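Chain lettering (A, B, C and D) follows the sequence in which the chains are written, and residue indices restart at 1 in each chain.
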Amino acid sequence: MTDSPFRLSGVVPPLVTPLTEDRTLDVPSFERLIERMLAAGVDGVFPLGSTSEVAFCTDTMRAQILAEAVRVVDGRVPVIAGVIDTQTPRVLEHVSAAVAAGADAVVATAPFYAVVTPAQVKRHFEILGARSEVPVFAYDIPVCVHTRLDPAMMVELGASGAIAGVKDSSGDDIGFRRLTLMNRDAGSPLAVFTGHEFVVDGAYLSGADGVVPGLGNVDPAGYVRLHRAATAGDWETARTEQDRLARLMEICLAARDTGGWGAGVGAFKTALKLLGVIETHQMPEPWDAFSDADVARVRAILDEVGPQA
Amino acid sequence: MTDSPFRLSGVVPPLVTPLTEDRTLDVPSFERLIERMLAAGVDGVFPLGSTSEVAFCTDTMRAQILAEAVRVVDGRVPVIAGVIDTQTPRVLEHVSAAVAAGADAVVATAPFYAVVTPAQVKRHFEILGARSEVPVFAYDIPVCVHTRLDPAMMVELGASGAIAGVKDSSGDDIGFRRLTLMNRDAGSPLAVFTGHEFVVDGAYLSGADGVVPGLGNVDPAGYVRLHRAATAGDWETARTEQDRLARLMEICLAARDTGGWGAGVGAFKTALKLLGVIETHQMPEPWDAFSDADVARVRAILDEVGPQA
Amino acid sequence: MTDSPFRLSGVVPPLVTPLTEDRTLDVPSFERLIERMLAAGVDGVFPLGSTSEVAFCTDTMRAQILAEAVRVVDGRVPVIAGVIDTQTPRVLEHVSAAVAAGADAVVATAPFYAVVTPAQVKRHFEILGARSEVPVFAYDIPVCVHTRLDPAMMVELGASGAIAGVKDSSGDDIGFRRLTLMNRDAGSPLAVFTGHEFVVDGAYLSGADGVVPGLGNVDPAGYVRLHRAATAGDWETARTEQDRLARLMEICLAARDTGGWGAGVGAFKTALKLLGVIETHQMPEPWDAFSDADVARVRAILDEVGPQA
Amino acid sequence: MTDSPFRLSGVVPPLVTPLTEDRTLDVPSFERLIERMLAAGVDGVFPLGSTSEVAFCTDTMRAQILAEAVRVVDGRVPVIAGVIDTQTPRVLEHVSAAVAAGADAVVATAPFYAVVTPAQVKRHFEILGARSEVPVFAYDIPVCVHTRLDPAMMVELGASGAIAGVKDSSGDDIGFRRLTLMNRDAGSPLAVFTGHEFVVDGAYLSGADGVVPGLGNVDPAGYVRLHRAATAGDWETARTEQDRLARLMEICLAARDTGGWGAGVGAFKTALKLLGVIETHQMPEPWDAFSDADVARVRAILDEVGPQA
């Protein structure tokens, strides 16, 4: 990779991908989604991540999403593009596509489908770092890839310049604390982001540089306030905001007619439709949009603890 | 899918993908590999499966492998092509490509990366079955996709015509017995294959129609003998052959300098090189070819219990 | 341990523990259960295993169960007693109690609750073997103890005299084949039993010496026939019997009002009550006896594929 | 249970069990351990937990440990006794013994060894709560028992009076935040403790009432300072102290010659021996005391970030 022109920090929401009823990209909704985030003060956007339904998108669809995101953002904040695929050679193709489309950085997971050893995980990121023209972020998401990223390995990859940062969706706050401490000891080569919407205040207390909140689609202003309070050392404000956002995040656990990935992303889309930001809450195949009963469950939570000006 | 022109059974090895040193497809080696299998009497071949390093292949590489396999086989046996990818829309693109390339059937796993519920797994195969022009086989491989395929669901999908068969790599012989019994009760809509090289005799006793053995790259004749003995009810011959093949399969557990997926496929490639079938034992990035010490371990096992005429 | 006075093989059912309504041992029912098994021709009995609800029994209850089992069996077949507890010092106390009560051998799992390494697992069995006055069987049951027993380690423990055999409830038929082959290569120091009621024929084909079937409480004669057919090399008879027993084993998957351990043992007790062998289908706290609806589900299966004379 | 005479909060270390070389309780070392904690200002002590090697202790040894703890503490702080065993009837016996020995409360896990459903987990705690004469704490420790305790269930058990609090060793900070929020909404029936030494500051930010730190054996004063800072809202002091304690906690990850449970408790014992608090770092069978090389690794960390006055 080349030297990074920026040091990323703050709130970088993973963008949901609004669909029309027939499951094509709904561009006007996507524009409203992004503009609302920028107005709220986010520090970057992250298309083509797990929340963006990247695993469901054909390469054609991926290219369209990224092109539109770059067009809409228009340089106002960095665009960090997911390059999610099974193993190194396939990921490298997405890296090339992302760079060509104007992404400012890319986000890659550990290899998946074929079981890898720690040596292969490290090599994977070394190869990505060596061949990418933009900074590479490592995405620790064992629920999807079933491999953990070792904190010491990540700091070593940061020190060697292979990766510029980490998005932690590991669900392991102990590992996160160890990562931030090791990173600090190594001179902080990594920008460290948490992906856990429920406990961002604690992650900041542990030393996070920022947050990649799926719920930031629904309530970007809340996460911006939380980031600013934590950065200012105003922990009481941070945790009060976090408590509200944690209650709002219950929308992802509210569905009774579906589950898994679709329960979370489906809730974000449902909330965004209810808020008038996007047009439909359509989901990619093989999923359906939330049932009426599940929509009502989301609405009840929104009514109680939804976005506040 | 259209009605299947064939009912698959017997030995259908998943083809390893021979590479040149610089990691392009080694076509002459691939030809030798396939011709040796056909000479041994296999009943089909399976390119683009896990053993074929499909997770590492770009779409361009996938297309080349399948085209060459179809060309070399030239209609002598069915070519069953893997269409492995994360979720339904991406898999559908591979189905189209496989059909266009001349595959006789396709093999798809449960969706992966994004966590799915049983309802989505079923819908996934229903969509594939409805839109594929060739028969669809369900590939139960939780070690890669981290989702199991329920026996009752598979039989239901078979009865409705969505899938034509199952390749079972679940590691669950209880589930396999339940599947074969349920399938028989439903009129045997499914052709049921085991993917477990170590215990094929037991799988046949449980009612398997065939086997998809990675080790069939190394010793296709052994699996053909095992299939024929089991089919003939000569269980003593079947288990004697299986005992030898199980000892040979220890090559996949022999490596000390690597592990995971690479230890198994690396062993197949190493053995094939030692046997003079393929040119190199090169592996895809981020893996290396077996170390000299691991090559020696494979050689020792081959010398003791390797392929017999 | 002292030299074993016997080499165990054949059918050794784990005994369910019949309870009165107020959850004390129902001795007359226990007598009927054991006498029926002996009449069917079993080769041993196994009280205080998982099926015997050992994890629910106080030490006083354990002592009573074992004393009654030894009294009823009266030397006609070996009594193999479970000595299940968390870690070595607690297991050793159960070994002493079992020997004092007249058990012919003991069955111990890997240590559990505290996470152990392979070195500790091996040491555990070495200590048990060195201090037990009767043969020790290793019980590989990861669903309960969350640790696997490595085949090579077990054969090594057999060769050194620490253990006399293995009960395999691992759900891993590949590991089982590897175990039987390694054991044979080492001169067969171990008697190897499968605990998987669904696939006993395949286990015998793999080289099993016997079976420890929970379903043997319900249909001991079926497993005796299966054992005899397999031992005689009559595999068609073996698999026909196994197919019926596999269909009968569906009682353990039939409950809709409960799950987990209670669904299996509850089904055995329910079937035994329906067959008139035991008085109640009471379960230990915190479980309830099967609901009427679940009893009906068990009855339907029994009516179709139940014990045959 | 009777109404609790106290509302527990603050620092309640789980007591290691010092052993003589021949693995009997080292009473003088145990006294020094407890007195040092009391001098540091802890709010309670917790014998017979996982750290106390309860899974290794015979019932006789358990009784001795608890008797000595009660004697030494002599009413200065509450004594919370573990009643860890596989299933309800066995746990109830430990409850009776603990009450008779003078414990002020008991701590019980979910049932283990036999797989349970959520309904059985709830019933288990209801039975314990109904029959215990002292308050019951629920111990959420999936790494040992392989079952999670659902936050909503725990709050319901708290509201009904079955349990008085929770010790969370789940490794799931999201679940912990949800628990504290639900508990607050229900009127805070539960006292909620974290067991994660690495991230206690974040747990307090999430609303923890206290901490049960194994590392509190080594550095009780550090956790008392952390508790007091967090309680006072001085989050910068809290996290500075936590950062040091997290670095100290690396002793539990330092061993190279052992692993699992023994690596953690072995490190605590080794540090306590190096600090002159206990006489030996002996471990229960089947474990050994730390090797000299591992002792050196612990010493290096202690020298850098060990207990501070």
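Keep this in mind: contacts are C-beta pairs under 8 Å (C-beta built on N, C-alpha and C of every residue); 3 or more make two chains touch, one makes a residue touch a chain.
Molecules present, by chain and UniProt name: A, B, C, D = Dihydrodipicolinate synthase family protein.
Remember, it's a predicted structure, so these values are computed and weren't measured experimentally.
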{"item": "Labels of chains that are neighbours to subunit A and to subunit D", "value": "none"}
{"item": "Same-residue or different-residue interface between subunit A and subunit B, half as cut-off", "value": "same"}
{"item": "Computed distance of Cα centres, subunit C from subunit B, in Å", "value": "35"}
{"item": "Centroid distance [mean C-alpha coordinates] between subunit D and subunit B, Å", "value": "49"}
{"item": "Residue list for subunit A, restricted to those that touch at least two other chains", "value": "none"}
{"item": "Interface residues, subunit C side, partner subunit B - complex", "value": "171-174, 176-178, 181, 196, 198-199, 201-203, 205-206, 233, 235-236, 238-239, 243, 246-247, 250"}
{"item": "Residues of subunit D defined as touching subunit C within the complex", "value": "50, 53, 55-59, 61, 84, 86-90, 93, 111-117, 119-121, 123-124, 127, 143-146, 258-262, 284-287"}
